[in-house]
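Going by the order they are written in, the chains are A, B, C and D; count residues from 1 in each one.
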Amino acid sequence: MTSVYREPLYDVAQLGHTELRTPDLEASARWFTEVYGLYTVAEDRDRVHLRAWNDDVLSSLTLVASEQSGLGHVGWRTVSPQALDRRVAAIEAAGLEGRWVDDSFGHGRAYRFTAVGGHEMEVYFETEKYRAPAGEEPALPNQPQRYDPHGVAATRIDHINLLVPDVPASRAFQEEVLGFKLRERLEPTPDTEVGAWLSLMTKAHDLALTREPADTDGRLHHLAYAVESREDVLKAADIFMENGTAIEVGPAKHSRTQGFFLYVYEPGGNRVEVFAGGIHIHTPDWEPVVWNTESGGRGSAWGTVMPASFMQHATPPLPV
Amino acid sequence: MTSVYREPLYDVAQLGHTELRTPDLEASARWFTEVYGLYTVAEDRDRVHLRAWNDDVLSSLTLVASEQSGLGHVGWRTVSPQALDRRVAAIEAAGLEGRWVDDSFGHGRAYRFTAVGGHEMEVYFETEKYRAPAGEEPALPNQPQRYDPHGVAATRIDHINLLVPDVPASRAFQEEVLGFKLRERLEPTPDTEVGAWLSLMTKAHDLALTREPADTDGRLHHLAYAVESREDVLKAADIFMENGTAIEVGPAKHSRTQGFFLYVYEPGGNRVEVFAGGIHIHTPDWEPVVWNTESGGRGSAWGTVMPASFMQHATPPLPV
Amino acid sequence: MTSVYREPLYDVAQLGHTELRTPDLEASARWFTEVYGLYTVAEDRDRVHLRAWNDDVLSSLTLVASEQSGLGHVGWRTVSPQALDRRVAAIEAAGLEGRWVDDSFGHGRAYRFTAVGGHEMEVYFETEKYRAPAGEEPALPNQPQRYDPHGVAATRIDHINLLVPDVPASRAFQEEVLGFKLRERLEPTPDTEVGAWLSLMTKAHDLALTREPADTDGRLHHLAYAVESREDVLKAADIFMENGTAIEVGPAKHSRTQGFFLYVYEPGGNRVEVFAGGIHIHTPDWEPVVWNTESGGRGSAWGTVMPASFMQHATPPLPV
Amino acid sequence: MTSVYREPLYDVAQLGHTELRTPDLEASARWFTEVYGLYTVAEDRDRVHLRAWNDDVLSSLTLVASEQSGLGHVGWRTVSPQALDRRVAAIEAAGLEGRWVDDSFGHGRAYRFTAVGGHEMEVYFETEKYRAPAGEEPALPNQPQRYDPHGVAATRIDHINLLVPDVPASRAFQEEVLGFKLRERLEPTPDTEVGAWLSLMTKAHDLALTREPADTDGRLHHLAYAVESREDVLKAADIFMENGTAIEVGPAKHSRTQGFFLYVYEPGGNRVEVFAGGIHIHTPDWEPVVWNTESGGRGSAWGTVMPASFMQHATPPLPV
């Protein structure tokens, strides 16, 4: 066994940030700050940089004014400068041509590339941390920002779900090039992988890839922030209800990842999740779980019916 | 910055198991199974092998009949066979002489050594996983065992706290040789480090080292299992109360790690914690937090008074 | 205002117990004790008397072997012997003929009658309390029984929902004769009251009356026990899932009562709810809430789709 | 038994409001609104009228500028105008001379009297309810105000604890005259009742009376608002910590009432509690629990040490 064991790779540390496009920057920014509970760290005419109170990075979400909703890019932070070099080499060895970008808000130079499946991604290491202004330091120094909850009080960026035309191809790319570990696969019938859940360290997932139902690529299914407890997801549902934010489905429990979920749409049209819990995978030789008709099929854990929109809608929306 | 950045090491994956000594094996085994909520996976005259329902390893705790309470050994599981070889090489390069042990329950060959501070430890990779008996499979295949809670329903082994005569020396050893990341340090006055919290991946801690108040070494402060939520720690307090298990302190919130804690003594005399939450550290360049009088001192987060026993008692107890 | 104010009546204290019929007494009793978490206090060939750990009465549920599922009777406990006499006088003044029953398990003489809508009910005062056996007393003397959770650990009988052919008639009867306070009404269009939620003291409801969709009467929609928190309802869902108990709908939040719900079927076919929370009504002059298309309609609070079975199924089932 | 059974009285419905004195009205009002999470409904130079988001009355707390901290008065709301007349007759029959007050904010005429023990109280029926402004109605019409949590988000007025020189005398007065039900008594040794917990309907308590340690009367031990869950009390502790509000003791569990508690001081010096849970008493013939050395003594449920200040401090403070 020892001789052929392939070592897991720990070169990428975390989902550092994402960029979302919105056709109504002002409404999206207001919703993310007042209802979802994020904080604005910087903004200009076209962009608003946001953070959750417990994000260790300075900004985990940038909203960009755009004609359409959808994903701008996803930023993966490496564990070291050396790991960044290694990942860039691997990307290029895989035949992709990326480019270095050096003028981003909140972090250092990043290597930008289009992943298999059509999404813009970047890898980078150097990042700016949040420093509380004088007089607003948190009571406990092992926390980046005071706990001063408002709205949903989203705690920390958690994961992103992207639609891809060919799940096995995109999944294999992420495993090979960035070192993602495959945790679970949805494969209703043999050789029809329609979903893959992948993680960097020990979380249930940092990245999910699900099959694009339309003839397009590069679309976003959802972006998720974590809250502290399932009770906080329940409170979020009430807060969304009070604020007129339409709930698509939830709160309920996923079969995959066992996370507790709640999906809504932000005013720009992007689907956003409030997530809690999920399995933790500490074992280094995890055997990916295959979900098929025998092992429990597609449904959510307790039988919650996922609406058709959940399978069909993504951003940007398809041309009519 | 890039040229001198020291890369974090991810060679050790998890706290795999511990061995505890008890002068009353039967009472300890009954308490751990009936009150703490663990499951017996095997036993013989001298030993009882236990697991929590969500442990991925087969057995995370072995109780050994012994004249005195205290720690038998701690087992750290590496991420690969190659990582095991690297860690053994590092241990030996540090001048320690260990030995290979090949007859342990539940896992493959392990390299056993005495860490700086006097505790028996081992590193190993191959491990037996728990397989549910036919007909008792969990409903969700991404979970090792059915959720059938009884008692405290401890969920998963979490961390261990060991007393060491020289915290900086033991801490530096663990950082250098096993690749632990230092997260927090308790240093009431400059150059008097009396506590260190260390982790392997992204947990608040897998190992804590605190200063031995007596003229001895190798003693155990406590072993901790996690439960799912802070509410579960509160329920645990009621269950301990109903079962006559003396609560030493808690439930309350630690300043270090921000975990929610509850300390009790098992019938063999070892201190056991029920733990929930704690910060998650995804950033790879975490700057260790130093707790001194300026940053908030020693207390628990909300001012809970830690009893004198918490600072003084450990196992084995000192000779009178 | 003062001169015409009708005083609220507080003659009935609590839902004391219910009797459920089951065609499989053994399976029902096993499910209620092992999965739902109740305790058997007495049994004979045809009946099993159960209690929840925090019920103040000795037994809150009797299962009776029967050809069909459905309700046996509902027992309402008065606040005093005098109040019992007053309620019996009111029942008889309303033109109903009941009878005194004096051989029930766990409580004293009761006046049994058929309520408007066809359900057997009784009012009584004297009741036997649970006394913990010597050596099994709870740690806190303000609690009837030790907290020793297993399964769902249902905490206390909460409410019952009955199908009635004519909601306004049945509701008015309960208000007039037993002193129920009307809290909420479901009236999709004017003069079509299809649901009424009624309470005795300050709970969200002790009794719900919803419209019988078939040409029959006396049927049971569901019986509900409370648990301590919404998190406990979520845990219950996992426990039901592990035990193969089919979840009809939930966990989710009711609009009416704001309770957090989870509906399943016990092996005898009766629908059983796990309930948490719900509004508390301390104001004595509560203005009943009317739910119609304008005020938010029929749905659950967060948009959970109630399955058709929830509207159609009841016990006993209709002849095919 | 039947012939001598004394019927419980349900003439008083709820703790309607309290008035607190504060030497720093501005700081107290800021703390109650920004940290404790109440809402201002009206104010003038000397008074600020506050409500919790789920209070059914318009205002449950009035802060009054005063030289000293302490209680202004406590308002008990009856279940009807007739019940108000009955209670006034009972107060006067007990030899007390009160007076009608007819100019209070938020409620109708009230009968004001000095209770045995020296506290100003009033009974009243007519009250103003909260009506959400147009456009700010809650999503669910069975709730008075939108759920838009900030700070601790105290949910609803819960209970008040008053120090009295002679507990049995004050307790008997409240039982006889207002119809309070005695739930629990603290009586360390026979005939030394030092605490009494009393309730109106089914809550664990609406009023607690504990022994005044000094040679004075009319002092306040604490005022308590409820939150939805124990988890919310834990969150409150973090919020107080972040805002520099000193925590006296908690979060922890009371033995009496089994409520989950957290005590702090508002800037005016009055002790305020955040409370969750507590037993519900539905049985009409509850036998009051006597806590003495045999039944478990004085401590909190899990052994939390109550600081000396908890036994000694009250408002107004004693002259030095």
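As a working rule, a residue touches a chain if its C-beta (ideal position, glycine included) is under 8 Å from a C-beta of that chain, and two chains touch if they have at least 3 such contacts.
The structure presented is a predicted model; accordingly, all values stated were derived computationally and were not measured.
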| item | value |
| --- | --- |
| Equivalent of A-D within the choices B-D, B-C or A-B, defined by over half of its residue contact pairs recurring | B-C |
| Same-residue or different-residue interface between subunit B and subunit C, half as cut-off | same |
| Averaged-CA centre spacing for the pair subunit D and subunit C, given as whole angstrom | 31 |
| Cα-centroid distance, subunit B relative to subunit C, in whole angstrom | 46 |
| Interchain centroid distance [CA atoms averaged], subunit A/subunit C, Å | 44 |
| Residue numbers of subunit A (touch at least two other chains) | 139-140, 229-231, 238, 241, 301 |
| Subunit D contact footprint on subunit B (complex, rising order) | 229-231, 234, 237-238, 241, 247, 250-253, 260, 301-305 |
| Complex contacts: residues of subunit D adjacent to subunit A | 138-140, 146-150, 229, 231, 235, 238-239, 241-242 |
| Contact set on subunit A toward subunit B in their complex | 1-2, 5, 7-8, 10, 13-14, 56-57, 77-83, 126-127, 129, 139-143, 156, 183-184, 201-203, 228-231, 255-258, 277, 279-284, 286, 289, 291, 295-296, 301 |
